[in-house]
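We just call them A, B and C in the order they show up, numbering each chain from 1.
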């Protein structure tokens, strides 16, 4: 068990390390002069100012020195400053992060409840009309573009019916975005859960459980669900990363102030230091969640622990 | 042996068995007959066909030039003259949606080609080579995979700048890990089978092994991933365009149309409805098709 | 191992004209066609046949364990305890399963839940059926493990299936099945997935426990050797029909159906292959017909060396010798040939 966790930890560290390399290299992949592009939209910068910026970002040094500088700064918590407004990046990101997490977690909750429920039901009633209905709903949910669904929900519920608000920062404004993201996510979860549970329901040990005369609720919960926990947790873990990605779009549709909205603005403004900070933060977050998932597997699957 | 049964009635059980290959129709026939029995697959294939036709025949079937401002009055609701209405510049929405199908197909094909081509190469080379080449390639794929498609796409657009082409490239790069992993998985499975060692022992060259043995087994799962990948690429690119990071106005790309329709959607909701429906239908079509293909080609799922 | 003394025992389970159908892509497949048999108290009845003969489906049909949408029992009755099992509702059936009629399956690795402990899986049935409290249930579980000769049973309770060997797992399955002292045990190919040496041990164990508990056993197998060793009576199935039944000893001595004879002859025997006058392994030519396209009349006819025009008509189950019945028009010819 300890070896397993150590391996996973190493994996996470490597991923983050590679991210830092990629982040530093990113600026150099820009076709043309990155500093000029960063300031392309403001007319009044002088060449001297550009040179100062170039020097501050370390772009006039060789690559490995740049990397060393960047890494030492990052490890001290200094992610640099935004080009526009000269704000310190890390506090800015950390300030917005809770909003994104709130959105991601609440939509994940919606997705889990609806998706697991639908998927489980469809698998148990496989081949019946109920199964087909669930799957039609699911494939519809997967095909609908998130931004379109969000816009329609705004139109119907916020504008026409005035049930919900948008563009605020409190939990009431979170409902619609969480539902939007959650519903599309639920469709994916439902499909994956259904195929996982169908596989499990076909397993011999489920038949053994029935043969013992156990009631349906016991077979479903103690045997099927428990055996399905590991693949289901995998599905949910993947959904977290998927949700983080979807959050970027949803935040823009609903003007929700998370890091996703920040990232898009940064890309528009070519604010490369901010973009770098965003990528690093995002990747770290995803790596941490993956690690947490791996720990959860070890707890749930006795075959990993009791070798 | 009793001769009481007339010879011509020799039952099938004792007649010589036909060669195994003739008993199972080839993959094309199997796909064809399965699709016919699978309503989802038929619907999906129909939708995709309509999409292709719309794209190919756009100049003929679109009533107006999609970029022609003032083809009708601004912001008119759907009417016989303009079945989808007009947008804020007076452009006919139906024509724009029809021409948008060309861009949608382009996005799907180009993005998937990038992902498939690169992913296939990485998976084949990694799986086949073994050793440190394999480890580096597959670790790299895992790291790329952990970045999530969104992040990679955003990073690529950040570097290259917002444009439809860059969005296609970004989305294509972001999906490489899926194709690489699937290919790698198949290669590993095939390598573990006895026939593989036999082929190597018989002196088969690398190219022969790759093309004759590995490739035919890799193709069916990749077809499934690709058709589902087209729908994912279309959604992703539309999303980027919606954010303003992909197709730029006045391009009739559906995601960009949704973006520009945002400001007017309370007064003129049709500007957002029709492009959005178009995206949803196209994606649905590819998803249905992909699901049907998966059932047709997956040996485990096929119920005898 | 003779069944002659048991012929007067009362039937504990009576299957009458059972018919089970599967709907497949190729059409309707009748996996069990008009099969009837009786199981008497404390006896071992073997159901033998090739894969696809319908023997497992028969067992699953008795307990209502068929896959829900594709399979259904289309006719017949299964009398047990004065009731027809096929007419019971869900919860009544659940009361019977595990407590009155228990079943063990072929592959003990996949038949045990990998994420639950052995102890949990052992106590489930007693808790459900006898409403024992956890401590009593655990005590019973430990006792059962000891009976199936698993060493250190109190410690094994906390282990998981993957930590045990194949033979031990099958013993656990047997312990699980017998923990509620059922009247009937259905064993579906219990030794097929095990090593030969372990097979003998398991069969031995089953015999011992049968004597201790007085359980009647339906033993499903394709191995004639197992039939010879374990059973009092035999049913031979082919393509969904029962083609012969009788007392084991007499059936082995004097089969009345060509298929049975073929099965008996197909066993590899030391004398035949190593002694003087070595002969080839005798096989039955041809293949089992697909259940969706059965020939009219006797199903075995296409492969049968004795077939005649009359075989186009489904033979009736006739008594060929005392206590022995077979579905064949030509039994007398076959027996004449073999004695000649």
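What we mean here is this: a residue touches a chain if its C-beta (ideal position, glycine included) is under 8 Å from a C-beta of that chain, and two chains touch if they have at least 3 such contacts.
Predicted model, so just to flag it, every value in this text is computed and none were measured.
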Nearest-to-centre chain - CA centroid comparison: B
Chain whose Cα centroid lies at the greatest distance from that of chain B: C
Rounded Å distance between chain B and chain C, as computed from the means of their C-alpha atoms: 50
Distance from chain C to chain A - Cα centre to Cα centre, in angstrom: 53
Chain centre separation (chain A, chain B; CA means) in Å: 23
Chain C-facing residues of chain A, complex: 126-128, 203-205, 207-216, 218, 222-223, 226-227, 229-230, 300-303, 306
Contacting residues of chain C [partner chain A, same complex]: 63, 65, 68-70, 90-91, 93-99, 102-103, 105, 107, 110-116, 124-125, 128-129, 159-160, 162-163, 173, 176
Complex interface listing, chain B residues touching chain A: 40, 139, 142-143, 146-151, 154-155, 157-162, 231, 235, 238-239, 242-245, 255, 258, 262, 265-266, 269, 272, 276, 279-281, 283-284, 287-288, 291
Chain A to chain B touching residues, read off their complex: 11, 14-15, 18-19, 22, 26, 29-31, 139-140, 142-148, 151-152, 155, 159, 241-242, 244-246, 248-249, 252, 263-264, 266-268, 270, 272, 275, 279, 282-283, 286-287, 290
